[in-house]
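Below, chain A partners chain B and then partners chain C, in two separate complexes.
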Partner chain A sequence: MVLGEIATATVTAIFLSALYAIIAIGFTLIFGVGGILNFAHGAFITVGMFAGFLATSDAFLIALPIWAGLLAGTAAGALIGAVTYLGIIRYVRDRPVTILILTFVIGFFIIYAIRIGARDVFGVNDPLAIPVPQVMGTAFLNDVYIFVTSWLLIGLLFYFVNYTRTGRAIIAVSQSDKGAALVGIDAEKINLITWTVAGAFAGYAGVLLAGAFGNGSWLMSIQPPAPLILSFAIVILGGLGSIKGSIAGAYIIGFAETFTVNFVPGGEQLAGVSSLVLLVVFLLVKPEGLFGRGAGE
Partner chain B sequence: MATETPLEGDVGRRRKQAVKEKLLLRDLALRHRLGILGVGLLALLPLLAQPRELNQFTYVLYLMMFAISWDVVSGYTGQLSFGHAFFFALGGYGTSVTVNQHLVPLLDGLGVTLGPVGTTVVILAGIVGGTLVAALGGVLIGVPALRLEGPYLSLVTLIAPLLLYQSFIIFGEELPVLAPNGLGGTSGLLNEPPSFVGIGTNAAVTVDQLWVDAVARYYISFLALLIVLAVTYGVTRSAAGSVFTAIREDEDAVQSVGLNPAKFKIFAFVLSAAVGGFAAAVWMHAGPNAYPNTENLFGPGRIDLSINVIVVAVIGGMGTIVGSLVGALFFAFADSVIGAFVPELKPLPTFLLGMVALTFLPRGVVPEATRFGRRLLAWRRGEVDSLVERDRTSAAKRTVDRYREEIEEIIGGEGR
Partner chain C sequence: MSTDADGDADIDAERAGETDAAGGEPDTVLEAEDLQVSYGKVTALRGLDVTITEGEIVSLIGPNGAGKTTFCNTASGFLGYDGSVRYRGREVARVGQTELVEEGMVHCTEERDLFGYMDVEDNLELGGYLQDEAVIEDRKEFVYELFPRLDERREQNARSMSGGEQQMLAIGRALMGDPDLLILDEPTLGLAPVILQDIAEALDPIVDRGVTVLLTEQNVTFALEHADRIYLLENGEAVREGTPEELKGDDYIRESYLGG
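Our next item is the complex of A and B:
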């Protein structure tokens, strides 16, 4: 019986971790290339969720199927990433303290804008519960879908980064922007691409996350499972700037969380909190992460 | 005499002399006189305002104190805190719980009926309790701050209020020993703590007119602001303040002169936390809307108050203390203008203001104004010919500077 429970928990954990991996990848990318810890990441995820909601609700003429919602979320995430970089980050890149505060304020600016948009423009009753449908009919199939696309996207990203010219340029910039400039890489363009790709991942993750947890919320970036903090946790656990490390980190956090919720007495109340505690402990004990910041692959 | 080092001779006498010289009003720089004038004007504000406006403005005083609290640690030592509401909540809940769940039941149990003096003493004890709780919170955040730097610390400070919020829910009914009646969950503590001055019975001094109530609340809050200002101004203008700034610039340099940055960082955190907790504690007994709930002490979105405080300090100028006062005025002005025209857009415009200030005026209003004022004075004395500053360094020097910067960046080995 206990074995059965462990098996069920393991399956849940694997599915959950796949979702977490998508959430964290965009964050890793931006850090790896620009050295920026993007506190607006949670807001990008929220934007994706909201675009998914708009596409699938009847706010515009017809309610589209969830596939269109996923597409809309991804596109909206990519757009907001690109706009944030082009509009603001580009100008303050050499001032680390400013960037930190700016991404933080930008992030909350965006989610407040979403709250106001949801409540006053699109007439959502409760901006804390914005309905976004699941991708698949049943919860299990939905989990499988998330798992499969998660690994598919990770594979594509690996291929992109390691085997295409643009991807290699990204690695080059992450290693040294001066060296990259010497061989003719336009760092500005690479940064823009990174922010766009990261935004797209975030947007996609937003739709999936909201679907998997029943509904989205304007505060979702800091409400359990708090993707903003989660991605920090994952990325710090795995080592900053390493994609492989982030995937490992996602699975560690996913497993830790599922097992706390299932096997620790009174664990339900700890959902979303356990990863935070794990993060704080990890930050204090091994701040450089499991994989460290090696090559910025 | 000329060769006397700072440690020779009668140090105590010279120290006294220096303090006296600093306190002489007639020798104060113009900006300090302007500052004193500004504080004086704040003190006279109740002469002009209606009770309702005055209540709104009293809140601004608390915003100032909160921003000062942030500035002490983040503006001076550069340890960015993204969740300062953690300390405010500790202070506010600390005093409410101390008064309502410990002192009042205890005194009731002893059969003591509290007169005005007794209630005041109980309130003061509560404020001390709240400040201590917040200071403990400062230690709690300050110790990890020794191992973490930059964004990691900011992250921990962002998580802290979220965890606290969760624990208010988890211990909503009862927190053994510390808070026998619980922390009230999301709706906050329904039992309001007694006020210094109030209209109802739940106050040390009962008054019957709205304006007396508003004016009294204003001046008590103003007194708290003066205390906060005196403490933080004193510390940041002392040698400790220089060390704070030095930590922000280069921690290794601080170590190399034999000072322990860890000690100063913890000190900064505890001071900041105590100031924030004190302000929140006074608010619970003297402020407008003094309800100890999460909406007041964290902000409606759990994190807004923390952001607002940052925006206020950034607009005014980080690392100046005084900037927080000016920033809060700007913030409140913007907020009330927006509230009058497009209330549904709140708080977007104030965040936008913060973003614009960060991008285009990163040093803040007060330092820029000081710089401009100096320029103006120099212009009046005829030392410079134009009010607008021009880059007067030669092209060759600029080029050399740029190269030096690049080389230092390459051989610095600091990483990113």
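Our next item is the complex of A and C:
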């Protein structure tokens, strides 16, 4: 009986962790390349969710299928990532504190815009419950879909970063901005690509997350499972800037949360806390994380 | 006239136009005229004139803070300036940093700026980022011949190498960019004599490949041995210029830099 429960919890954790990995990957990519903690990451996820909602609802006359919603979410995430970099971040790239504050502010602007847009423009009754369908018909198949595409997309990202010319340039910029400039790499272009790809992942994750949890919300970046805080915890555990580390971090947190909920008395109340406890422990004991640094590693 | 590193220039358009059209002297690779650079209120270069022609090794010598590194960083497009600095007749602020590399000006910095978490092979390959595969292979072979230590350490991470090996890698990476003008900023700084010898021996084969070299040095003896012409910089100004023979005979140089 206990074994059965453990097996069930393990499967749940594996699925949940895949979702967490895809939530965090954009955050780690931007940190890895530019050394920037993008606190607008949660807002990028929210943008993806909202684009998914717009595509799948009848907001624009025709309600499209969820596949179009996923595409819309991914595209909207990529767009908001690119616009944020081109419009703001590139002008303050050498000022980390300014960037930190600005990404916070940008994040707030975006989510408030979504709140107003949802309620006043698109007639959503409750911006805390914006309907986004899940991808597959059943929760189990939906989990399988998330698991498979999460690994597929992260695998593609890993291949792109490690085995393509642009990817090598991304790693070069992540290790030495000036070194990259010395060999003729246009850091500006590389940063733009990074923000666009990170935004695309965030947007895609936003649609998946909303679907998996029943609906989206303008406050979803800080509502359970709080993707912004989750991303932060995952990349601290894995090692800031490391793709492999982020996957490992996502799985550690996914397992910790699932097992806390299932096997600790009163665990349901503690789901979000376990990631924070792990975050604090790692910051104190192994601040460099499991995999140190390196965008592609 | 002043220009920014990113090319947002309020250049004297007339003058720049003349220069572009004329293309400068046919064999002039780099030319600085009345070059001034400041860091806030601190002036690093005060009206410097430097000319480097095809196939030369030109050395800038002088004490710490004389402006040698500032000159290198300005020439390779990292710093804004007043006055003029032209590479192959084009004002560098108008060319842009990436294009300068594309045009063959490759800078090996004092700090080396290697990709520390990558191995020797990856560092070299990225050095040829703008080159095609054939050039990369040819250059890599040349670099490994030049520095057999790098060949032995192909899979070693740059950050785990000794200072001398890192310097060889930095020079090797710069050579991968198929340079026309190679800027070597203080390549011998803090290195053991045996490594210094390795680097000295690399200079001739580099020049034989048609590369012009700008070499900055605090090690005056090293510069006198290897340069064709030398500028002595002090407080951002060139206070002496000449061939090594001329400077060796200069009382001021002998007393101040060669221990009498």
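Assume the second predicted complex is superposed on the first by the 293 of 297 C-alpha atoms of A that agree within 3 Å, B and C clash if a C-alpha of one lies under 4 Å from a C-alpha of the other, contacts with A are read in each partner's own complex, and residues count from 1 in each chain.
One rule holds for everything that comes next: contacts are C-beta pairs under 8 Å (C-beta built on N, C-alpha and C of every residue); 3 or more make two chains touch, one makes a residue touch a chain.
Keep in mind it's a predicted model, so treat the numbers as computed, not measured.
By the touch criterion stated above, A:Ile116 is placed in contact with chain B alone, chain C being left untouched. By the touch criterion defined above, A:Arg93 lies against neither chain B nor chain C after alignment on the C-alpha atoms of chain A. In the superposition on chain A, contact is made by A:Arg168 with chain C only, not with chain B. When both complexes are overlaid on chain A, the residue A:Asp186 reaches chain C alone and has no touch with chain B. Looking at the shared chain after the overlay, A:Lys178 reaches both chain B and chain C.
A count of residues in chain A touched by chain B and by chain C gives the higher number to B. Contacts of A:Ile106 after superposition: chain B is touched, whereas chain C is not reached. Overlap of the chain B and chain C interfaces on chain A comprises residues 178. Across the interface of their complex, chain A is touched by residues 78, 80, 82, 144, 147-148, 150-152, 154-156, 158-159, 162-163, 166, 170, 301-304, 307, 310-311, 314, 344-345, 347-348, 351-352, 354-355, 358-359, 362, 410, 416 of chain B. Partner chain B is touched in their complex by these residues of chain A: 35, 37, 39, 88, 91-92, 95-98, 100-102, 104-106, 108-109, 111-113, 115-116, 120, 178, 219, 222, 226, 229, 232, 236, 269, 272-273, 276, 279-280, 283-284, 287. Within the complex formed with chain A, the residues of chain C that make contact are 76, 78, 97-98, 101-102, 106-109, 111, 113-118, 122, 125-130, 173-174, 176-177. Within the complex, the chain A residues that touch chain C are 165, 168-169, 171-172, 175-176, 178-186, 293-294, 297.
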